[in-house]
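Heads up, the thing below is written out as structure tokens.
Chain naming follows the written order as A, B, C and D, and within any one chain the residues start at number 1.
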Amino acid sequence: MLEVNHIDTYYGELKALWDVSLTLDKGEIVALIGANGSGKSTLLEAIAGLLPPTTGEILFEGVRLDKEPSHRIVEFGVCLVPEDRGIFPGMNVSENLELGAFSKRGRKEKEETLHVVYGLFPILKNRRNQLTRTLSGGEQQMLAIGKGLLSRPKLLMLDEPSLGLAPLVTKNIFEAICQINQTGVSILLVEQNVHIALRVAKRAYIIENGRIVQHEQAKNLLRDRRVIQAYLGTHYA
Amino acid sequence: MPKNWKSFFIFGGIIALLAMLPLFTNRSDVLTWSCLTLQYILLSQSWNIIGGYAGQVNLGHAAFFGLGALTTRYLWLAGLPFPASLLSGAFIATVFALLIGIPAFRLRGIYFVIGTLVLAEILKVVIDTRFPVASVLPVETLLTYSLLPRYYLSLMGAVLSVIAVYFISRSRLGLGMMAIREDEDAARTSGVNILQNKLIAFAISTFLAGLAGGIFAFYMVAIQPGYVFSPIWTFDSVVIVFVGGIGTLIGPIIGSVFFVLLKQWLSLHLPGGLHLAVFGVLFILVVLYMPDGFIEAIRRYGKMVTLGRKPMVQGG
Amino acid sequence: MMLEMDSLSKSFGGLMAINHLDLDVYKGEILGFIGPNGSGKTTLFNLISGLLKPDSGKIKLNGIDITPLSSHKICQMGIARTFQLTKPFAQMTSLENVMVGKAFGCTPTWSMREAKEEAEKILRFIGLGEKSMWRASALGVVDRKKLETARALATKPKLLLLDEMMAGLTPTEVEEAMVLVKKIRDSGITLIVVEHVMEAILGISDRVVAINAGEKIAEGAPQDVVRERKVIEAYLGEEA
Amino acid sequence: MVQFLAQTFVNGINVGALYGLAAVGLSLIFGVMRILNVAHGEFLMVGGYIGFWLFKLYGVDPFVGLPLVGIFLFLIGIVFYKVVFSRVAKFHEEVKLKNSLLIAFGLYLIFPQIAMVLWTADERAISPAYSGQAFDLLGVRFGYVPLAGVCIAIIVILAMYLFLTKTYFGKSLRGTAESWKAAKLSGIHIEWTFMITFGLGISLAGIAGVLIALTQELTPFMGMPWTLKALIVVVLAGMGSIVGAFVAGLILGIVEAVSAIFMGPYTIAIGLLIFLIILVLRPQGLFGRA
């Protein structure tokens, strides 16, 4: 469904991605694993059109995305929930969700999706008139994912959804992510919590210094000595 | 260091040439233009110190120019020797800067910009009300009025400002100022006392601005006190510095020459104030297409590889 | 004892970033500091370096209370730091960047020649000697990190705080960096090192402190700390 | 005495409503785009003169001309956005702020000169037959024209407020103001949003200009003083707050009217000084949050 072919990306004069390729099939959860600053977020931003690649191509269901602006990419059904969560702190929860459905694609089925999101995260319904800034970290992350869902994505990209959250909250979020996946939404996941990431994902890519260095079934990676050493700590071996 | 010697010779040569200019020509228009250019070099360099090197976009620069001008003018016409009046003017400007500096530097970004703009406007309003009548030179001074001392004074002012900026840019003070401009947190945690550094930069900048005002007050036959506080003085300095190249030694010089010559040339060929409008259009074009000013444009055009710049891999 | 933190607290809009933290740093050691993203590591560095003021609690350097001091004073007393997201003086050359540290730091100087010589020495030490005339904006991520460290070293600190210096480095580069950190320690500087790269933390630290949600959850020898269940859960994710 | 104070108060509100209206456009543009348009007052002047032309040349009643000026200035705003400001809007925050200031300086050089050519330096005003008429209420004089000005200002600002809080498009403007990145990722077309915002802001300036022309005089050099007033109001209110800007405008108007009793010609300076003090003590504005 998603095909990233040999892309290079620059931040100003700095090259952030080197010849990166990646594929994702319909209904899959794929994880991207790598150290801080290795280019995981950059890759998601490239796909979402925030930082278009200078070379290579990005295909989604056969359509070239790499020349499209961000707001058009949303219309194709590709949605990014960025690391800073991409919500509007000074607006209330229901306004945030409404803006999540700003695209033509999302607006058509706004009411039904809203229903689904409130079913997934009931707390959001209780807080719908509250300013986003006053929500807890976990609630903000739920809102971020909910807002993403309102654009009716076929592919949802999540950047560090567990960032700064307590373990229990993280668990809830990931349960929700699995539920979302079961409704047929494909998921591209960037996650520092390698354990969880590899548990929910089917396949994973390991990225180092802007290059994909390994690509494997998730369950194999969990057994891979090298990965364990680099990302889980040597004591695990 | 041969490279430095070369620059010194060029600089000295230019000063010598400028000093001899009145020997070659007595055309008053040439002298007037030169006078203006030199005064603008002084004024824009003074803004360059606080705005270009220390990175504080001070839009209240006219206040210090005006204070210098007004103080100098009134003390001078009251009978104080001119040099003493001039220094007093610059001194008053500096004192005022230090007074308002501490609260002003509490403001960041956009608020500093607006705060300084409003501060100058307050002074303008007060001065307009307090001194509504233009100050005209007395007849005896008018009779002996000569452009020549004004020209040499302007030259001295301009040279002083260039020397000041040269030494600042190579001193500990300048290093601290630039560090503040680039990143206050990093500067702070590297030991730079932000407030102290900004205040010193502000003091030097406003002293030179006051000097520029004083020289202008000496140069003009009639002065409307409110006029020297007009935001136009700030805008002119900012425009010159940006067009020439902000935070560089040469930028304001190039900017001033370009500014005065183009303005004069346009005013000769266009009716009324339209030359200002054309100048505005040109300025906008420069901002849009040469965002780093002439200096950077020339540098980039001249050679793709310069100090500390990797050759560009990509076109953009 | 070099640095003492006594019941330090800091909250942001109700969220406790640092919660009554007690922490001691001993002279001459490398203290590894670990914890998941958002656990308060960077906040702690901001508190120590004076960029943030604690809501309560004290920080003492060699017995002197530095809590009320402003950042530049703290730096001049001998604490230098780097930033996780590097903050180079972008439009200045590498040399000038490092000169700032020398000219204003713990052993300030008015002589630009002295600052320049010292800066050149440090740049060579850190491996940026050839790029001393490059503008910082033209440096790559790795070089920026080196520059950041060089600038901090130039202030002649007694205590150096390194914030994720090795993030995003290749394994070889990490090894180089580890050697470098040890060299810095051998020159008599005490270090607090925040790192995500486990190998590095285990390889260089004399002692490790783990925090989560602003609270200290473990402290001790590196090998012991990473075996504690609380740390594993917090840092590496719960094995549910 | 009470009557005198009440009259002062009313006069203050009459002027303050215009301050508020002038500030709302500036605040909107800054809030959404982070562009500080210090040429805002120049557009206000253009609006005033267009209203003056409509009245003088075609006999269009200024209150009928108001929507026409609004639409015309909206189009001018869009043209200016497309030609100059769109290039600046793409830069990073700091560069954007700096360059938007510089461009506005350029406009500040251009506009008064062109206005001099088109309308001369003479003071102009829109003075329909009914201007100057008034009614008394409890001994306080209410001019019909200033009163209408206050009402229109309130209506326009209320409409603006409803647009921003109740309509989908308005919400997307607020979203863009909060975070353009999040807005982009929600499928909002930023370029389009910016263009409409700029047009709306300029349109508001134009409407304020016509109302000003009804009660005060127009000159080619009125732009900068009005920009300053608008800036003051915006900062007092806190950047980007629409209703706050209107309230702050009223406050400034009343403070000026009251201090005029004691301070005479120094009134403006006092208003500015109060502003500076508030700015230093509370940089986030009276109604803004820290």
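Note that in this section contacts are C-beta pairs under 8 Å (C-beta built on N, C-alpha and C of every residue); 3 or more make two chains touch, one makes a residue touch a chain.
Worth saying up front: this structure is predicted, and the values here are computed from it rather than measured.
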* Structure fact -> In the contact graph of chains, the distance from chain A to chain C in steps is 1
* **Pair with more cross-chain C-beta pairs in contact, given A-D and B-D** => B-D
* To do: Taking each chain's centre as the mean of its C-alpha atoms, give the chain farthest from chain A.
  => B
* Asked: If you average the CA atoms of chain A and of chain B, how far apart do the two points sit, in angstrom?
  -> 52
* **Whole-Å gap separating chain A and chain D, where each centre is the average of the chain's CA atoms** => 42
* Structure fact -> chain B and chain D have mean C-alpha positions lying a whole-number Å distance apart equal to 32
* Round to the nearest whole Å and give the separation of the Cα centres of chain B and chain C. => 41
* Where in chain A do residues touch two or more other chains at once? -> 13
* Structure fact -> Residue ranges of chain C touching at least 2 other chains are 138
* Provide the list of chain D residues touching at least two other chains, using ranges where the numbers run on. => none
* Structure fact -> Note: in the complex, chain C contacts chain A through residues 13, 15, 36-39, 84, 137-138, 140-141, 164, 167-171, 196-199, 202, 213, 223, 226-227, 233-234, 236-240
* Using the touch definition up top, name the residues of chain A that touch chain D in the complex. => 48-50, 69-71, 74-75, 79-82, 84-91, 95, 98-100, 102-103, 105-106, 147, 151
* Report the residues of chain B in contact with chain D in the complex, numbered from low to high. => 57, 103-104, 106-111, 113-115, 117-119, 121-122, 125-126, 129, 231, 235, 238-239, 242, 272-274, 276-277, 279-281, 283-284, 287-288, 291
* Structure fact -> chain B contacts chain C in the complex at 170-172, 175-176, 178-179, 181-183, 185-194, 247, 307-310
* Asked: Which part of chain C faces chain B closely enough to touch in the complex?
  -> 49-51, 70-72, 74-76, 80-81, 83, 87-94, 96, 99-101, 103-106, 108-110, 112, 115, 133-136, 138, 151-152, 154-155
